[in-house]
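Take this structure first; my questions come after.
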């Protein structure tokens, strides 16, 4: 094996970004397929209103995947290329992202069924998001350890803060948020949506 | 915060365009999944003919998303890059676009059921389109206010006319069009399709 | 209006190609969703064998879309850019291509039901393919008339032969092929598949 | 016909890579649609746990497609362009890849039904993977024989070893792995997943 920091063949990350953009774009667009279309017998207006958990879960997953994509984009503005191994680390990250439509649908469909149904559904949802957060850290740490990120970027306070503080706590926050469904499932979605919106604001270096 | 016009880090919009193209392409292609396949028992020819509202809604949504994509493409020929925040503004725009297969299916499936079913379905459809129009203006105004568009382009009569007149009235026209389903749902689709076709013709500067 | 040959603003066709590639790629991949998964009660081996029309239709549509994509790719190696209007002409072409999973599924699902069911299904399928062929000619003729293709390429014997002979006859061949399902639906698929494979071989100039 | 090594018109492979990336990205993301969402009546936690074969098949197919994509990416770092014919060879390769969600779903849905159901399902799955492996060799051999790969790359020991040994044995290993479902279907997935992970490690030249 090569020693860390001694990167093996580094090629352009253009195609990795195209593939990742594809998976992000498809996962975010497939979310709509899980919203149930009112059946011929049903009252359309009422059926749509009663589906508000589906819409809320849709927005939560959409904003989450959108934020993940924007952050992936942002990380790759400092990444200077990819190795063969780094491709797989990204495939790992894309797995829970592509999986997100499933827990989104499970939560939406069992929303009104009582805690013993909602809590496991929400744990599946929050667990998937926690996994995404973990693999995001892995992507960054792998890139940093293999010399795919310039040393300045690694040192940069802004990046460090995000990399160390938020990314480490995020999985825990997601699981706690999922657990909050014991009180009310809406609390979980507020935590998930809030975290996505929080991440939409980039950390700025404040050197003072 | 940085003052408006003092753009923060501006990076290439290449990947934003790839991601947006992906969402547009997927949403436009997913539309077909909502057209029901005649069941083994049914008469194929009759079932297909009876599904004409599905096909009309398909064409309307297809042409609308196609026009939206072409206009997004057109706006980005003058946009000189993206900030981190601008990525999110675009994610917001993509949300109702990716959502469009849902109201398209709702309208198609309840077409023959009477006004109390068709009108709310059409309001959902027109409302989604109104939202797309609103977010399109937001994308443009955000880009203009953050200096992502050259001042000449902002001043340009052609762009101004489109930006101010059509985009401001569009949400209203979509809602009025949806309301026209009180008379006949076909009127709504004519308004929606007409608006998409109208937008397909670029505004040319006529200085005289 | 501008006079033909006096092209309006010509911009890079890069994003048009990305969008078109996306629609081609999604339509070709969505085909698999229409193949029915044997239900828990059914004998798996027998259910799969009995689904051979689904697989044959899958291969036919897959090869057709693949060939369409390759020819689109090939046309764009000589196209030097796009106007705003040319974007819409391409959206028109993409509409029947994105629609193809629907007739593919209709044909597969009603294959064993007798002529009065199979023939209209096959006409829908062949009609969609005829439409694709027509719009392909429109794309080429529009590009040629607006000066988006260098004059040499338009004059080129190879391109001319393909443009005039095959593309003009293709819609007719597709409809005749669909009509052949009166004898046996397998004949239709042989015609469709044969045409796709024929198109896979580029016309070479033979000046002698 | 042109003689081998005398390549016909070679154009940039950029668009071929975009299209292939699209198909890989869509196929990998569609896998999630085949995982069944627990119905309102069912116990959510139990239904999810009982679906472990679905999740295992999901991971196996996801890692397999991810590895295929990474290897496609890797091959194209040495490929210097594409001919018209090479586009079709790639379309052939993409066909079983885009098909993979189907056997994945068949295996997952019939996992608990006894050998006479599981073995044919697994043969379909392994057979699809064997076909992918065969077409991967075809892509490489076609590129090499048409001069699309520099002679050094063809000669390179690393590439040769992979090209000759693994790719030739792979179809056999996949079929043997599928046959192992006679003992236990989990053995098949271990073989498939193991092969995907094995391929994730690039062959390094060891000249000694």
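Letters A, B, C and D mark the chains as written, and numbering starts fresh at 1 in each.
Keep in mind that, in the parts below, contacts are C-beta pairs under 8 Å (C-beta built on N, C-alpha and C of every residue); 3 or more make two chains touch, one makes a residue touch a chain.
Only a predicted model underlies this, so the values are computations on that prediction, with no experimental measurement involved.
Touching chain A and chain C at once are the following chains: B, D. Chain B maps onto chain D through a rotation of 180 degrees [Cα fit, steps of 5, range 0 to 180]. Although chain A and chain B carry the same sequence, what matters here is overlap: shared residue numbers make up under half of all numbers found at their interface.
Mean C-alpha position of chain B lies 37 Å from that of chain D. Here the CA centre of chain B is 26 Å from the CA centre of chain C.
Among all residues of chain B, those that touch two or more other chains are 18, 22, 25-26, 30, 33.
Taken together, the chain B residues at the contact with chain C in this complex read 17-18, 21-22, 24-26, 28-33, 35, 37-38, 40, 43-45, 48, 58-59, 62-63, 66-67, 69-70, 73-74, 76-77, 200, 202.
Interface residues of chain B facing chain A in the complex, by the touch rule stated above, are 11, 15-16, 18-19, 22-23, 25-27, 30, 33-34, 84-85, 87-88, 91, 94-95, 98-99, 101-102, 105-106, 109-110, 113, 116-117, 120-121, 124.
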